[in-house]
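Each structure below appears as structure tokens.
Each of the two complexes below includes subunit A, the first together with subunit B, the second together with subunit C.
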Partner chain A sequence: MNPEQDGPASLLDAVRLNDPVAPVVIVGCGRLGAMLASRLSRGERRVVVVDRNQAAFAQLDADFSGFRVTGDATELEVLREAGLEQAAYLLVTTEKDTLNLMVAQVGRTVFSVPQVMARVYDPQRESLYRAFDIETISPTSLTALAFLQRTPAPGGY
Partner chain B sequence: MSDDRYREHLRRRYRVIGRALGFLFLLNALLMLLPLILLIWTPQEWWLAPAFVLAAGILALAGWLLRRTEREQERLPLSLAEGSVVVVLAWLSAISVGALPFCWAGLSVSQAFFETTSGWTTTGLSVVDVTSCPALLLFYRSLLQLAGGAGLAILLVSLLAIRGSAGLNAAEGHNEQLVPQVRHSARLVIRLYGGYVVVGLLGLKLAGMSWFDAVNHAFCALSTGGFSTHAAPLAQWASPAAQTILILLMLLGMTNFLTAYTLLCGRWHAVWRNGELRLAVVLLGMALFALCWHEMPRWQINDSLEQFRISLFQIVSALSTTGFVITDIEAGDNFCWLLLILLMLVGGGNGSTAGGIKQQRLLVLLKSVKQLLWQFSHPPHEVHEEILWTGDQKRPLTLVEVSRAGSYVLLYLATWLAGSLVLTAYGHDMARSLFEFASTLGTVGLSLGLTNPDVPPGQLWLQSAGMLLGRLEFLVLFWGLTRLAKEILPLLTPRNNRPRP
Partner chain C sequence: MRVILAGEGRIIYHLARQFRQKHGMRLVIVTPNEDEARTLSRRLGVQVILNDATVPAILEEAGALRADAVLALTPHDEDNLAICQIARQLYQVPRVIALVNDPDNEEIFHRLGVTVAISATRILSILLEEEAGFEAIGQMIALAKGRVAVSEVVLRHEAPAVGRRVDSLELPEDALIGGIIRSDNVLIPKGPTQLQGEDRIILIATEDCLHQAISLLAGTAAE
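Moving on to the complex of A and B:
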């Protein structure tokens, strides 16, 4: 990103991030997505969950009060329907790393969502994501870290 | 052992229910004190004040006790079924306690209960003699309609952050949200509603009503309630401008809040796509055309504009389930009555303050008919999907939705006919009975004279039940009551009633 664009873009980002009514869009309503959606909704955030499979929404809490959008997140129309144009946060939590990358990238570049986070299983792909200005959370790295903290090695890791 | 565990589970669940119910009681207690503000202008009616204070006291005490039952720190959510229990209990107690001021003023218990039910359910049928009724009570019933139009649960949800808001809100019939967060959505609805009221009462005041009339009529038009402060029909005392404003307010009241919100946000294309709104326009247009066509021969040249306005007012009043009376309907003929019955059965928009079958369900069934016709003229394997738009969200028409709407319509019509049957057993003629019970069940309030201060208590209780069924949309009432009936016994049996081996 070049510096001329960086200034105003980040100001707009800040406005959107600090807007308490800007929705959080969660793509993928699996175990993780459903948990995130339920917790955020309980915390009085506006939440929209997107999943291809309508049955997936059964995993949401009883008091989840956000919107459920059924559709393929690789389609722009579905993302637009989910309100990505106004969203402050986009959390991509499907099972597929490549799909996550694509949706996250679309969210960042097409809809300029200020904060995009994606789950990525393969730690080797994390650097690729970072190049696209997408924050990553890797269950593999996190689990490894948790294991390693409990297993000291004299020479360091 | 498993019995004990089940009871322990029930106790925990009912503590959650009790907590929510306690909040609702406290809110209701506040509401009972509100009418006393009017005493500033009518101090001679102070003798009614103890009734309001007593009612508020009972509710506050009950609410405080219920809130104390909560022991654990963990906040559990309410499911839709538990939300129904809360909503049903809250409504029944609101009506029972709310009847107190009417009893105090000298109405019998069944009459007081009827009047309060008519208020809370935004019906507008009345057994009170408006000409001799104290102004405080008139204001109180209008306030009941204003609160009943929005609903107790939505008020609570918008005020307090409690777990289970979604279940509570959905149980009261607000199944569509404006924004993806129930509390924000509830606040927006209340704000819209409040905005309507303020604009409405200023408009009515400017159109020549007194402040008292303007406030009462604005409250009752927006909540599609229909209590009036005058015994005479509106055409005899309200100015044409006031009548026009009332028409607009009733139309606003029967419009889905979500549609109104999209309209206010300026998303015109979303409004145009909305099938419910288009259906309402078509229904209003057809009914207006039919009524005018029928009445036209009797119009004079110089009052045709007034006659047209009266026809429009009547149609809007019936379809929006408000029930304001602009002219003596008893003078009308069978055609006019049947037309009004049909409109009253259809009712207003989904997620509005109106009652009836609701336009959304009719739309679903019409789309299903359209699909059947389409299948007939196309190859069997060609797929065709009907789309339903609500706000900016679209969803395909599913069989589940069609069957739900169909079952509801069947239940509604069956109850309507059964209720009318009972009314004929009281000695009323068929047309009037059908009209009166359509008006009762749809929470409309138009009357052909079957509801008056002299009716027997049995009929009053029947109609009270009809109004409550119509307002709480049957299922919530059934769910709530069956759930209570099933669980009340194990809940109340003491913990160790059985010796352990």
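Moving on to the complex of A and C:
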């Protein structure tokens, strides 16, 4: 194997994160995934978007210059095809919590992607997966926070 | 023993029916399917929760805190993984067992803390790939995370191992004959034991040399 792989994981992570051509892989091309892909592509990042439904790619910007991979992201083959072995970032944004969490963990453990983020709707699950070295982003918690900041309660929340 | 079955389909019904007959088994089923929930509770009289087992609160309601085992048997790998991880991580369930639909995910499940991951696809494809013909091989049990298989190989009269002594077989390094069932007797094989047609051989072998060991004993179907 590559001699570099004997070094500490954090060093390897840093190498991949600082590689300007290491791609960002986005799983799920819904409203959120398509927006992220289009914006990052505009920002001159190499982007690969994965969705099992080819029609979903219609939501991407007309000038989107990244790659599109059609397939089920719970299959290792599909993730490999998306270039997860070289990816610096993995953003998992499908509508299904359990799928996002599985893909995120596979990205981290099998493909050693340095930075993995997953959308998780259910805050109860979010707390659980912090234990697995996966950064979770919960729209429910974020939205609640935004509302609460504008709605003071005397006793706190 | 307290067991939680999570999932849907006929497999849940049949497993529940089997478990129900076992003494001291306390079963709770969690299924998202309303028709199945009704059938299960009417016909088997077991406790059924109609809900999504991938939500921690639902597993807790099903008694995850005191459960001895959780079986995740949905048709979606991501759900089975989530159910197992929630059971294990949040409720410290000692045994979490998952059905793996995509056989490539089997190893990943083990790495992510699932005690036993069972891939029906893989078991069936192993059986089909064996050139000896699957009618000759039965009762595969996967041990040590699928690395070791216990199989029963039936010797046809024309099989290459018939008439040979066990110590002359040149089985691969990681294969072993654990027993021979001849008529209704079980023989523990010694070096000089001679194999006969219709012997049922209990073969213990690692995944890597299973194929080689079986063709050495039973030959190929083409013969």
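Here is the rule we use: the second predicted complex is superposed on the first by the 150 of 157 C-alpha atoms of A that agree within 3 Å, B and C clash if a C-alpha of one lies under 4 Å from a C-alpha of the other, contacts with A are read in each partner's own complex, and residues count from 1 in each chain.
What we mean here is this: a contact is a pair of C-beta atoms (placed from the backbone, for glycine too) under 8 Å apart; a residue touches a chain by one contact, two chains touch by 3 or more.
Only a predicted model underlies this, so the values are computations on that prediction, with no experimental measurement involved.
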Fit or clash - subunit C, subunit B, common subunit A: fit
Partner chain in contact with A:Thr98 - subunit B first, subunit C second, else both or neither: second
Contacts of A:Ser141 with subunit B and subunit C, given as first, second, both or neither: neither
Contacts of A:Ala131 with subunit B and subunit C, given as first, second, both or neither: second
Touching partner for A:Val21 - first (subunit B), second (subunit C), both, neither: first
Which of subunit B and subunit C A:Arg42 touches, first, second, both or neither: first
Subunit B, subunit C and vertex subunit A (Cα centres) - angle in steps of 10°: 110
Which superposed partner A:Glu75 touches (first subunit B, second subunit C, both, neither): second
Contacts of A:Phe64 with subunit B and subunit C, given as first, second, both or neither: first
Partner chain in contact with A:Asp122 - subunit B first, subunit C second, else both or neither: second
Lowest inter-chain C-alpha distance for subunit C and subunit B in the superposed arrangement, angstrom: 20
Shared contact residues on subunit A - subunit B and subunit C: none
Subunit A contact footprint on subunit B (complex, rising order): 77-80, 161, 163-167, 169, 177, 179-185, 392-395
Subunit A residues touching subunit B - in the complex, by the definition given at the top: 21, 23, 41-42, 44-48, 61-67, 69-70, 81, 83
Residue ranges of subunit A in contact with subunit C within the complex: 74-77, 96-99, 101-103, 105-106, 109-110, 122, 124-125, 128, 131-132
Subunit A partner contacts - residues on subunit C that touch it in the complex: 54-57, 76-79, 81-82, 85-86, 89-90, 102, 104-105, 108, 111-112
